[in-house]
Amino acid sequence: MTSPLMKVEDLSISFKIEDRWCRAVNGISFDIFPDETLCIVGESGCGKSITAMSLMKLLPDAAQLGGKVIFDGQDILSMKEKELEGIRGSRIAMIFQEPMTSLNPVLTVGEQIAEPLVLHKGMTWSNARSEARNLLDLVRIPDAEQRLGQYPHELSGGMRQRVMIAIGLACRPEILIADEPTTALDVTIQAQVLALLDDIRKDQGLSIVMITHDLGVVANVADRVAVMYAGDLVETAPVADLFTKPSHPYTQALLKTVPRADEAFELLPIEGQVPPIQSMPDGCRFAPRCVEAHDACNVAPDLSRGPHAVRCWARVERV
Amino acid sequence: MIVFVMIRVAPGDPALAILGDNASQEALDAFRDRMGLNDSMLVQFGRFLSDLAQGSLGTSMVSGKPVVTSVMEVLPYTLELALGAIFFGIIIGLPLGIISALWRNGWFDYFLRVVSLLGLSFPAFLTAILLILWLSIEWRIFPVISSPTGGPIDRIYNLILPAFSLGVIMVAYIMRTARSAMLDVLGEDYIRTARAKGAPVRRLILHHALRNALIPIVTVVGLYFGLLIGNAVLTEIIFNRPGLGKLIVLSLNQRDYTTLQGLMVISAFLIVIVNLLTDICYALVDPRVKLK
Amino acid sequence: MTLTDTNAPKRTKMASLLRLARKNKLSAFGLLMFTLIVLASVFAPFISPHSPLDQNIVERLQDRSAEFILGTDTFGRDTFTRILYGLRVSLLIGLTSTFIAMVLGCSLGIIAGYRGGWIDSLIMRVMDMLLAFPTLITGLFIVAVLGANVVNIVLAITVTILPKFARVARAPTISLKEREFVEAARALGYSDIRIMAVHIAPNILGEVVVLASLWAAYAIRVEAYLSFIGLGVAPPTPTLGTMIRDGFNHILDAPFVSIYPGFAVLFVVLSLNLVGDGLRDAIDPKLRD
């Protein structure tokens, strides 16, 4: 069993809303292993995006963080800004959802790709520029030489996202965090970008943490999956297991809401709604909507161990 | 644009004929005759247009000098005053605005916001008078009567106080715009991306954010240029400097309407040029804008 | 959407506007200051024992004293009283011109935005023309040509700030006229004028009020500038600008003669700016969703 590249231990993120501290992420733990794609899935607002940002401690000061994110023997959450600047963009990189607004409109594409190279690898701007050209080729953008001098508004959405990927990969990071990279793109472009990411990952042997709400994407690229609900991590499993043997009641219900191409059946929405962040239940956060809920669920369950871990009283072996 | 300007300005003339001067009736008649005011409006306007086409703005009613000459004599002084004010505005206002955005809601920010509001509200003559009293008389740093003659060093030295006095307003406006522009920009996604790239804070602000924030700042400078010219009039009077301001007041007192008219045209023309310059600056700063 | 809903946006916006204005301390302070100033100037004869015109050559050019709160000017007249009376002029001219400009400007802007087409182009062309000139210089010119009295000064200032209101009123009108409650009103057969006045105008009110307070501050300043240059209301009526100018000759030995009226202008302008600024902060992030 290889040791994990990154260990997230009991991560919690809280915000002050109307003078009360509310936990948006409720003490979650997971590992990231080398050379894998881990997908973090969940509905909008379940906390997956802020979890991703906390892996680089990229959250605004207004957020209070608890727990640890251990990378290369150090806890990222307790590192100083200066040290973090050295890691961000070079050993861990992140790409975001909206390529139009995520690129600086007044700087050229070439400059934005070259920047991490100059900052972290100490390259000169002209060397970095040639390397940027190679990167554009890597992400399969045609006419690379011309693109270097263009501005973001001159490129299409799919191309901009590839530029983002090029920026992320520039320094050959060990982990690439991708926050819903294809959500804002057309379906056909989505498939291309995902394929690109997958190929690059296999080529360079890096790990990808992909945030998504789309189970289709998960089925496509994931090696392992982590399911989140309302700030809780409810299940982690290898992708095949997740789809064939979903364990947590939420996961099971979730899979029933996804239409499948091979069979015709009824779509079953999940009863109830996600509780607002100010009034989260104390125990298992899914309990109010869970068909298998019972008394024990008033206390938060622990995540079980092993490659297929679940956080549910109903699944714990009764002693 | 300028065509409308001319149409707008010409009607000032019949008012002149209606109101008349303080001079005696005979003098008035002779005067009007000489100036061609007794001709019909159309003829007057036609003459104005033809004069303009030849690059002339008519002759001064008082001194007989061509208006263009009088204006051109003093224009550079006013321009240098205005530029000085903009200079102060940027040098002081921009960094303060940026700092204010960074220390948002801190005591410094609050303090600066109040100060900038004060700076906006100060009438130009009060600033000028207070500055003269404190810096010229009490502390004797700058001369009281600012004369723009002499060598360049002398000229600049004399320019500092009036330009600063005029610049207080610009400082206030630029500071506020810089603050809100920076706040807007810092909240944008691309700043988050730059942070995720590991860019150090200083580079984030100066390189990534500032270039985007400059856009609204350029707008502000162009927008308030008109205000600047107007206030320059007052500043020139108080500091006793030659310039458009003095000319305006002089022509007003002497009822020299041709000069006034010419001044109006020049002012409008200036504004048009400033707008053009602003547009050019936009194209320089924002690559999304294309020059026509 | 029921019929009564067409009234809903108007009322709740006004109520929340007032609530937010109260929350913002700076603007409340500005409002207080302004009210005090207005009251002081209105009740001037009751506040001060002196008359603004009484000359007293013996006592001229004195600084603050028990008898003359803010000192005397070149002719021995009590500065404090003159400031109060001068404020009357400034406030009268400033507020009237702002009000007229607001009403006229907004009406023109709304009409232009609502009707569109050639009316829009015509109105906006005229507005652009007016905007082509630096505002102070335009006002100056108008007063110079037409003569310096209250009416002309009000006219001049109104003309210079009118286009600003028109611009601001036009933009939201264009977007508002596409919304459902306007369509509902039109379907009910309400006349255009009624729609514009009752349905569109109140929704613009917030931004307009902010603008009005800021331009009122400006208008008062312009009045002071004009009288400083010599284009103000004729003596012996005291105006703040003339007072400053008269005192200018004695700037070295009796600077206070100019300074006190100068500060008076400052306070009035500042209070209005505070109100306007505070209101603008109150409106911007919260009401605009």
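Going by the order they are written in, the chains are A, B and C; count residues from 1 in each one.
To be clear about the criterion, contacts are C-beta pairs under 8 Å (C-beta built on N, C-alpha and C of every residue); 3 or more make two chains touch, one makes a residue touch a chain.
For clarity, every value in this text was computed on a predicted model and none was experimentally measured.
Visitor: Going by C-alpha centroids, which chain is farthest from chain B? Tell me that one.
Guide: A
Visitor: Determine which of the two chain pairs, A-B or B-C, is joined by the larger number of C-beta pairs in contact.
Guide: B-C
Visitor: Counting only Cα atoms for the centres, state how far chain A is from chain C in Å.
Guide: 55
Visitor: Using CA atom averages as chain centres, what separation in Å is found between chain A and chain B?
Guide: That pair's centroid distance is 53 Å.
Visitor: Centroid from C-alpha atoms only, then distance chain B to chain C, rounded to Å. What do you get?
Guide: Computed from C-alpha means, the inter-chain centre distance equals 22 Å.
Visitor: Please list all residues of chain A that touch 2 or more other chains.
Guide: none
Visitor: With touch defined as at the start, can you tell me which chain B residues reach chain A in the complex?
Guide: 188-190, 192-201, 203, 208, 211-212, 285-288
Visitor: How about chain A: which of its residues touch chain B in the complex?
Guide: 56, 58, 81-82, 84-90, 93-94, 96, 98, 101-107, 115-116, 119-120, 151, 153, 164, 167
Visitor: What part of chain B is in contact with chain C in the complex they form?
Guide: 1, 4-5, 8, 12, 15-16, 19, 114, 117-118, 120-126, 129-130, 132-133, 137, 225-227, 229-231, 233-234, 237-238, 248-249, 252-253, 257, 260, 263-264, 267-268, 270-272
Visitor: What part of chain C is in contact with chain B in the complex they form?
Guide: Residues 26, 125, 128-129, 132-138, 140-141, 144-147, 217, 221, 224-225, 228-231, 244, 248, 251-252, 255, 258-259, 262-263, 265-266, 269-270, 273-274, 277 of chain C touch chain B in their complex.
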